[in-house]
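Just dropping this structure here.
Per-chain residue numbering starts at 1, and chain names A, B, C, D, E and F are given in the order in which the chains are listed.
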């Protein structure tokens, strides 16, 4: 089975930002994403959405270029004021053409 | 019944006790975790039920009766955030963003506190104008918009998005949408429609509120540790503001012709601080503001104060004012 | 009450208005998201309650009364998918898989539409045979199996699994299982058993349905954008089929001896399209079929049509037919 | 009503039938999955409601009436785990950890079984002392602590943490916390407070229990496959222990002056095995013990036994004993 | 601490397929799996389970051989008609023997 | 965009252990974590929390040293009696300093 190596970008953010982040993902060329409801703690003790309980974890599989651009944008836009982290990993996918 | 008896009665009501139980659960680190879904469902249920009843009542109310109180409500919603901003900025020496954020919360209104006072008035058999939920809906948005406008004018370029987005955010936000939706459904389907669903939306209402306040207690308790960050000024602000605004509400309610019950409810609306619509809007439009301040004061100080002491206090004020 | 009054009454019922509110919530992109868990819980509650009442009623019904209507129900469940398949394939020129898939939905029945007509009849104080929920259970499965058998015979090798698996899937599927379960519990525990749980399963029923329809509105609205994909033929099909099938239901109900109320309910069952049991079975057994077609038409067109206009229409038909 | 009629009545009650329906759902692999959130919400609702009613009742009960039954309850809670441990270890030849774990469960009490007997007594119109929920709260913890102390003394060093942590774990555990919380709220707000919330916490109670037992059925059924691992000894233990303990409960209830209803409830408490507080505490404090044993026997054998046959049996015992 | 490198296969699929996919996993030699409820968007706009809201994400840690065979089977069986994606990553596990 | 390579430790455990595991994470130097509710099957058929339904999946991004120490501790403390698995992967994060 021929697999292709792509990048999986994971974003963990306060739930309030979900809709906005999805728009960002699309705009930067992501062709799909998967979201799960999570909870977490980080450096920011308190935030508006905390008492509504949840963070969201967005994952999108994209090309390295898209991953790079996305990460830069997220860092510049959200990292200062919002509870957001993001990281990247390599993944091997089947039928890589549907992601790029 | 004198004020002290009333206070005692209120403190020993299932509502307040359930709230305290929720706080205790967090303090003793009980694993009592009510699912978030319950929180969502109950808040939609309570708001929709409130709207439904208000709408059905509105359907038989002459428009003339509503106009003055409605104008008063909007006026308070514009006045309060300006006052609060001034105090926070001048006296409290807080940043522009934080002052505007807190002001937005205290100018707006807490639907749960509203629900609590409605329930208390019913328990005391004090009649309340049926259209009060419509006023609740009217009071939610203006203060938030006014406060954010102040922030925007003081720190140009710092706040993303336009005011249009803020309006959209507030109007389509869950709480206002469900409340207005309930009002419209109640208005159109009338008292006959309400009667059909009363065993679900009317009779179990108080009990559902008790369960909700149990959960609110756990939520508010999590804010108590914010109080250290919040500092003594905001704690004092969180107690004095509702008293002052509550008194203004008593005056406004009486002048606009509301009954004793309606005036008390108006006072509670004035005194209460939003913690659903305002935080969401502020977090989006004013991310620089520190949530510990606006949630710590509105949810950690003012909400418990109003629920326990405030409601009987404003009722006593209204009695004194209308009696005199 | 004439037909127009009835229509107006129905359109302004809390049920229909709540559904519309749910649709509006999606259109204005409100963040009103009722938790999925509520959807699951309410649908189980409604089906179990319907079954319970039906079963308790059945426990005092002479078997003879039920036999004719039951046979009629099964006959319709076999006839309808064949008719629908023919129209979709010939007139609509849809693929075998898509035709069979849509036919399965329209031959089967929507439990929520059933619930809505039961509630409407109760509001109009029109008596309905107590055993109708048993007929609802009877009508759900056959059409799906017939439609899938047609597909299988036309496209050998394309559909995975046997018909046995399809039967199993439908019978153990949540909706039919809970409905039949409720029927059995009601049958065995009788009217005395039902009385014990009435304050939970009977009295708040209509109100719970209103909350459920609020959520259904948001679900159906998400299907509205499918309508473009669905195309004008399927939209027309989604409105004409229920009218024709509803009329057949009126005839079948009357001939099998049902009362005015029972006939109306039978018509609504005939007219309604499944969107719980059928989609799940079809998606597993006929993955080639495009869900936009069968969900778009059944949930985006036929369900709202029946809820708003269909129910009063079939009632008027039944009145006319039985009166004449 | 003689014992057989009573048994039949109980087996055909909506409660027991709903439980069986839940079991069947798992056996036929239906996709009836009630959301876990519902389980959590319903168990909190039921416990809080039980506590609320008990507390309101307690507020008008002379303390003297409660003391003897309370002492009896604690005595049983200390005696039972010691007895059970002896039998499991000697007769059953189970390991120290497993014996202590199972003993903890059978010495403690099942709140749902308690709820079921309260509901049954109400359906039979047999009056029950209003303070029984307080006894329920008293019986939950001691047995667990006694059993874990036995384990600790027999296997030094093997069990992590101190007994203090176990106490804390039990007292702040959801079930006991909500029950005691409800008691306190009921005690403080009294009968007037209870009346306010009765349409939510009292009237729909039985129906909510039925829904809960539907879910319990699916949970218990998942334990049925444990029965093979559990072996014939534990199955026998799971049936004989409740009968013996139930009889001891009848004696203790009668001697401490309880009425027929109160004695039956006491017997059911004695006979029932915990499966909320005990498993959580045991899993943390005694991880070596095999959950298949303690959950398989308490949830897979004893709970269904008590629900179906046990409750009428203990009632018959109490009648015989008090009649003689 | 000695760790072993194994493969983590992630499958994201419409919820309807959960039971079937679990059976597949077992059949191909997976000794365990973890499932979470997620939601997502991809190339397929609409599907039967969409209005019931959820996708499921299945993860299983397996040997490279099992991963390979599983991926091929999933691609051949589900990719055409169902909303399913799958990808693989390396993971380092402790006590690797329990997974193979 | 400068990214740093760190370690993502994933722990899947019966829900009962959540609070304890979070304490462990903190104690070993994790500066944040994300939790999701999952369900699963593994070698242990039955456990106390099973009938309450859920496992939890904890993820924390930490330095390689912390990851190593954490893994050893978890294996020694929980693997014998509790239903727990743990694994590690590399991740590339932006602003790596907040995690160490």
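Couple of notes before you dig in:
Going forward, contacts are C-beta pairs under 8 Å (C-beta built on N, C-alpha and C of every residue); 3 or more make two chains touch, one makes a residue touch a chain.
Heads up on the chains, UniProt names are B, C, D = Sodium-dependent bicarbonate transport family permease.
Computed from a predicted model, the values in this text were never measured in an experiment.
Between chain C and chain D, the least number of touching-chain steps is 1. With steps allowed only between chains in touch, the distance from chain B over to chain C comes to 1. A turn of 120° superposes the CA atoms of chain A on those of chain F, with the angle given to the nearest 5. Of all residue numbers used where chain E meets chain F, under half belong to both copies. The two sides are thus made of different residues.
Here A-B and B-D were compared by C-beta pairs in contact; the pair with more is B-D. In terms of their C-alpha centroids, the spacing between chain A and chain D amounts to 47 Å. We define each chain's centre as the mean of its Cα atoms; on that basis chain A and chain E are separated by 20 Å. Chain A and chain C have Cα centroids lying 40 Å from one another. Distance between chain D and chain F, defined via averaged C-alpha coordinates, is recorded as 35 Å. Counting partner chains per residue, chain C shows two or more touched chains at residues 35, 37, 199, 204. Residues of chain A in contact with at least two other chains: 36, 89. According to the touch criterion at the top of this document, the contacting chain pairs are A-B, A-E, A-F, B-C, B-D, C-D, C-E, D-F, E-F.
Contact residues on chain B toward chain D in their complex (touch as defined above): 12-14, 17-18, 21, 24-25, 28-35, 37-38, 123, 199, 203-208, 210-211, 214.
If you check the complex, the residues on chain A that touch chain F are 10, 12, 36-43, 55, 57, 68, 71-72, 74-75, 79, 85-89.
Note for the complex: chain F touches chain D at residues 14, 16, 45-54, 81-82. Those residues of chain C whose C-beta lies close enough to touch chain D in the complex are 35, 37, 40-41, 44-45, 48, 52, 171-174, 177-178, 181, 184-185, 188-190, 193-194, 196-201, 204.
Touching chain A in their complex are the following residues of chain B: 36, 39, 219, 222-223, 226, 229, 275, 279-280, 282-284, 287-288, 290-292, 294-296, 299.
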